[in-house]
Amino acid sequence: MTASTSNHSPAVAGRGTVGAPVAGVIMGSSSDWEIMRHAVAMLDEFGIPCETRVISAHRMPLDMAEYGASAAKRGLRGIIAGAGGAAHLPGMMAALTPVPVYGVPVPSRYLRGEDSLLSIVQMPRGVPVATFAIGEAGAANAALHLIACLATTDAALQEKLSAFRARQTDAARNMAVPPPGA
Amino acid sequence: MTASTSNHSPAVAGRGTVGAPVAGVIMGSSSDWEIMRHAVAMLDEFGIPCETRVISAHRMPLDMAEYGASAAKRGLRGIIAGAGGAAHLPGMMAALTPVPVYGVPVPSRYLRGEDSLLSIVQMPRGVPVATFAIGEAGAANAALHLIACLATTDAALQEKLSAFRARQTDAARNMAVPPPGA
Amino acid sequence: MTASTSNHSPAVAGRGTVGAPVAGVIMGSSSDWEIMRHAVAMLDEFGIPCETRVISAHRMPLDMAEYGASAAKRGLRGIIAGAGGAAHLPGMMAALTPVPVYGVPVPSRYLRGEDSLLSIVQMPRGVPVATFAIGEAGAANAALHLIACLATTDAALQEKLSAFRARQTDAARNMAVPPPGA
Amino acid sequence: MTASTSNHSPAVAGRGTVGAPVAGVIMGSSSDWEIMRHAVAMLDEFGIPCETRVISAHRMPLDMAEYGASAAKRGLRGIIAGAGGAAHLPGMMAALTPVPVYGVPVPSRYLRGEDSLLSIVQMPRGVPVATFAIGEAGAANAALHLIACLATTDAALQEKLSAFRARQTDAARNMAVPPPGA
Amino acid sequence: MTASTSNHSPAVAGRGTVGAPVAGVIMGSSSDWEIMRHAVAMLDEFGIPCETRVISAHRMPLDMAEYGASAAKRGLRGIIAGAGGAAHLPGMMAALTPVPVYGVPVPSRYLRGEDSLLSIVQMPRGVPVATFAIGEAGAANAALHLIACLATTDAALQEKLSAFRARQTDAARNMAVPPPGA
Amino acid sequence: MTASTSNHSPAVAGRGTVGAPVAGVIMGSSSDWEIMRHAVAMLDEFGIPCETRVISAHRMPLDMAEYGASAAKRGLRGIIAGAGGAAHLPGMMAALTPVPVYGVPVPSRYLRGEDSLLSIVQMPRGVPVATFAIGEAGAANAALHLIACLATTDAALQEKLSAFRARQTDAARNMAVPPPGA
Amino acid sequence: MTASTSNHSPAVAGRGTVGAPVAGVIMGSSSDWEIMRHAVAMLDEFGIPCETRVISAHRMPLDMAEYGASAAKRGLRGIIAGAGGAAHLPGMMAALTPVPVYGVPVPSRYLRGEDSLLSIVQMPRGVPVATFAIGEAGAANAALHLIACLATTDAALQEKLSAFRARQTDAARNMAVPPPGA
Amino acid sequence: MTASTSNHSPAVAGRGTVGAPVAGVIMGSSSDWEIMRHAVAMLDEFGIPCETRVISAHRMPLDMAEYGASAAKRGLRGIIAGAGGAAHLPGMMAALTPVPVYGVPVPSRYLRGEDSLLSIVQMPRGVPVATFAIGEAGAANAALHLIACLATTDAALQEKLSAFRARQTDAARNMAVPPPGA
């Protein structure tokens, strides 16, 4: 495999993420990491083994095709793809594999991700990309959505998800306004 | 259940869609049907039993909550939600159920769905809605993405999906330009 | 009541804001406080008792429903709701209570509140949200509009409002250009 | 009074709308009627006496000032103002009277009301206009919001509003998909 | 006259700007000075006497009407009006006086002047505002356009304008790339 | 002169428009006439002699330069230039002549004139184009603004303008709502 | 070769377009023909042999890669690629071949080609797509730009291009306003 | 020649860029250099001799015409033109010379280059400008596209281009995520 690759496993093995990757987190450039790490962190939190790779649709189109061709065989259940500007990686990956693709619009320098969003979400009938919000929230949510899909057939994961959401609700409930110190 | 409900099953039982619904297709108004029927048609094509309902986030908020509360128990594996304008149905449904939600921006009268798209896709971290293109293509693709998720653990469905995509590729390959009669 | 709650009363009791809250100021996250405090400050200035709460439409949907269900009974005459991005709180609150809702688009990270504005203002026929400008000005004006509504049946408040506007006019009249020091 | 004026009263006196107008419905041109009549129809439905007038901010600025100056004295509890393009009528009326102003962005020829919306909603701190959706829905909702404000001190009207919303909920619940005949 | 007023005359009387103001430079707030001073500087450079005033359309509507009513009598040949957000000052001034109005969209906090631009330029048939670019360039150009209008009947000014443009052309011609030090 | 030219004079000589043209009305294509005729009609109404020409910035750049070079000598007091899409005619004409240029954004096929507007209004410091609304209203208003400039030194024209505006105000005052027949 | 293919040669051999194709005109669907035929017509007018093919980036990604891999060997000097919505074909083709790619944004159903434009033009550093206007004009101009590139080393073609532009200038010069019959 | 001119040759003669310029890199102001230097750097990297000049469409229109008139004779094979705001330089240069023009939208102060992009790309049928992304990436890509055009008849350059792209692919392949130090 020519693409830069790293099997990303959280440091603490006990969190259960050792094993063949279930999710791929790919991005067009290492500069997208600042956004895409929010997807990886979320997968880690749920113990979903994932691999992370830079795959540039425009600079590595054949590697991209190769990645798409092998994704299902290698056992991936979802691919989270982030890109900015004329963001073709998510849509092309969706064209190259039956594995569901989750697209993250990375904010662009001058148009703040409006171009990224439209390039990802406006896919033609027949080749879907599940698209999420521009930036950090979108990266985290792409992972959460994939986790929710996995959880529909995994009771333990479903429970983790419920617990996550309960904690999230509690955290919101405990927010005070004015916030302390404001 | 107070919501208008119909268990939608394709006419030909042999297509395997008889049974408890696996997918919910919900929309804010019956006027959204013209768009959302493309989701239902796709589910039918793959034999995925689905139910269709009008659930207005703003006019039926408690029905919406009820629907969300029971969705997982009733065995739904995905909810495809379409709405236009200040489109709150997909995001609220995502808040109300652990079942993955697929959002379809329905074109609005004056802003052509730009408002629908932003109201659906820009969800905050923690509550994801997988968003698809504005209009008919988005409705069809929301269904296709859900099918692809189901297919990751269903070999027969995976095969159907492969066949669908092969037919789709062939159809594109057979397109002539200029088209006949042009 | 599970929502984080605080009856906000200005420090100086003499300003008349002690008592049951007449206005609710709610927001999706404590991070919205920086904007929403401009609504609270305005209510304080006019001695309108208000309560402030974080109510996240997406992380606390049932608390939100509960808040809406009790709002009228508890004597609220208006609810000022701020949210950003796919901002569903104002519209959903409007669906859940007959109390008039005033929406404040909180600026979002990448789209500067354009998404917030459209998600709040483009409500369908039947469930209105009175919407104000993006950001600080909108928060202050939501409060002022509510005050003006209250003042239509409260002569003392009407007088306060007239005085406020007279002071405001005087302040503008006294602005010099170039400003001192420029 | 120089402005074109008509005290609009529903045909059926029994609906209770005979009497001094409580609401003003004003618009920049008679061509805005096609939108603004949805506000009038809603007020009629609730028996709120209203007057309707063409007041052009740009062609009748002094009439506008006069209207603003007398609005409170004449007993108006709210002014619903619609305009398109560089829509200044709602904001200027808000500057000229303490009566609460409800703005309706009328769709414009080339920009579909985006210009109208921004011209109305982006008011500076201190002079609020409660803004609603572009077009027909916004006109109807401006009236509904005013009705909800009036209802906070009018139990009979509150009841009518509850009944209206219950009917609205029922109508949505009774929507079938596919719609009959589709 | 209640409006804050200052007859702006360049410090060096020899530049010929002493005398009754020919141009009015008005703005909605002293905070607009940072942009509008570019109009004043340009008028100064050409020796056009001007007055500068803060006139808030929304906080000083009657002062605005008064200013418009007296503008022609006082000998003004043009009014340069700057405002931001829901920018109503230029259009309203155009409605209140036959003196030509030149509009400057002041950049707004969240929408960068897109709202200001549309609120100023999209005037209805019959009441024109000559609109210029968002920000500093627009302020300078509004003044230059007024100067060009005055120059059509003032040979000396025409000559000054020609000299200005010749210097401007020379300055551009002398620009080196890479710029020194780059 | 190579450009297509026609000295446009209203049919009724008594309206005073016989004589050397005072205004030029130019446009990028004869297809712009449908918009630009609104400028010509307004000039006619005020008896301002004008010439009309198709001058394409992109297909006739040298004719454009020639037109600009002779405009002042030929006595033009203003040039109204309309163009659509990447609309360069107004800005280039402003670069080529000291005669004031009034720009009209002609609606474009796919972007409805947003491209035209930005291409015309966003001129850099030093070369102004007075810009008006997209489409018919903008064409009429460009003419009206030029007329208002001419009227600052022409008492008879000033009177005509006052009469025009008085008629316009009366027409608005006489608008009834609902309009007859609605 | 699996892609649908037709060597498009104008009917009149004497126009010199018989021979191996110099240009490829590709598009995502036969429905794009209505726009893309304007590119073909222009190439025909200049006698540039071209081939036309439907190549869907999303439904035929491997055919696309194959087309890109062989383009240079087959002697193509330019590829004109049109697509709409999330338009990935031009950018991906640019990634797959050293042959220069000219992108045409095809108008999309709801967003009128704004999505197509941004998806094509906002390519990252290193993989350029020369982008042209949305729709018919863009298709014709993509061909014209390619012709101009070819003409830099082909004196006969250069002459044809000069003649074309001279005719175009003459046609514009001969446009009358008002147009005959208007 | 009156325009500011400098024949830009890379310092190292061995890179083969000594000689008559093949490419012109022009821009509206020296302040555009920060963007346009990315075009020059790319041409240098490939040893393409180029000249760089400030040519302001609006402040130096006759110099612009002169430059266009002589461009082909002087042997230029392409002109890369960058401008911001109402960016007329690329389109006007395309009107003035048969040499292919490559347009670079320079980011503008308030609209971030959206105005620049539309002003450049939306050219009418008949006068093409090949347009690239807003900002640095667009400048580099305009040069790369010109290089690719030149390479279609220059085997040595083609090889350089292949090597460049191979290095680029390798660089992307070697990107690690998380990036070192992140």
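The chains carry the letters A, B, C, D, E, F, G and H, assigned in the order they are written, with residues numbered from 1 in each.
The rule is short, and it goes like this: a contact is a pair of C-beta atoms (placed from the backbone, for glycine too) under 8 Å apart; a residue touches a chain by one contact, two chains touch by 3 or more.
Since the structure is predicted, the reported quantities are computational estimates derived from the model, not experimental observations.
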Touching subunit D and subunit G alike are B, F
At minimum, the number of touching-chain hops separating subunit C from subunit G is 2
Interface copy of A-G among B-G, D-F or B-C, with over half of contact pairs matching by residue number, is B-C
Between the Cα centroids of subunit C and subunit F the separation in whole angstrom comes to 46
Between the Cα centroids of subunit B and subunit F the separation in whole angstrom comes to 51
Whole-Å distance, C-alpha centre of subunit A to that of subunit B, is 21
In whole angstrom, the CA-centroid distance of subunit E from subunit H equals 36
Listed in rising order, subunit C residues that touch 2 or more other chains are 29, 56, 59, 85-86, 111-112, 114, 121-124, 126-127, 129, 133-134, 137, 165, 168
Every touching pair of chains is listed here as A-B, A-C, A-G, A-H, B-C, B-D, B-G, C-D, C-E, D-E, D-F, E-F, E-H, F-G, F-H, G-H
In their shared complex, subunit E is touched by residues of subunit D numbered 28-29, 56-59, 61-62, 65, 68, 84-86, 88, 91-92, 94-96, 108, 111, 114-115, 118-124, 126-127, 129
Subunit B residues touching subunit D in their complex are 2-4, 6, 27, 29-30, 33-34, 36-37, 52-54, 56, 59-60, 63, 85-86, 109-112
The subunit D residues in contact with subunit B across the complex are 107, 112-114, 133-135, 137, 165, 168-169, 171-179, 182
Given the complex, residues on subunit E that touch subunit F span 38, 77-78, 98-100, 102, 117, 121-134, 136-137, 140-142, 144-145, 148-149, 151-153, 158, 161-162, 165, 168
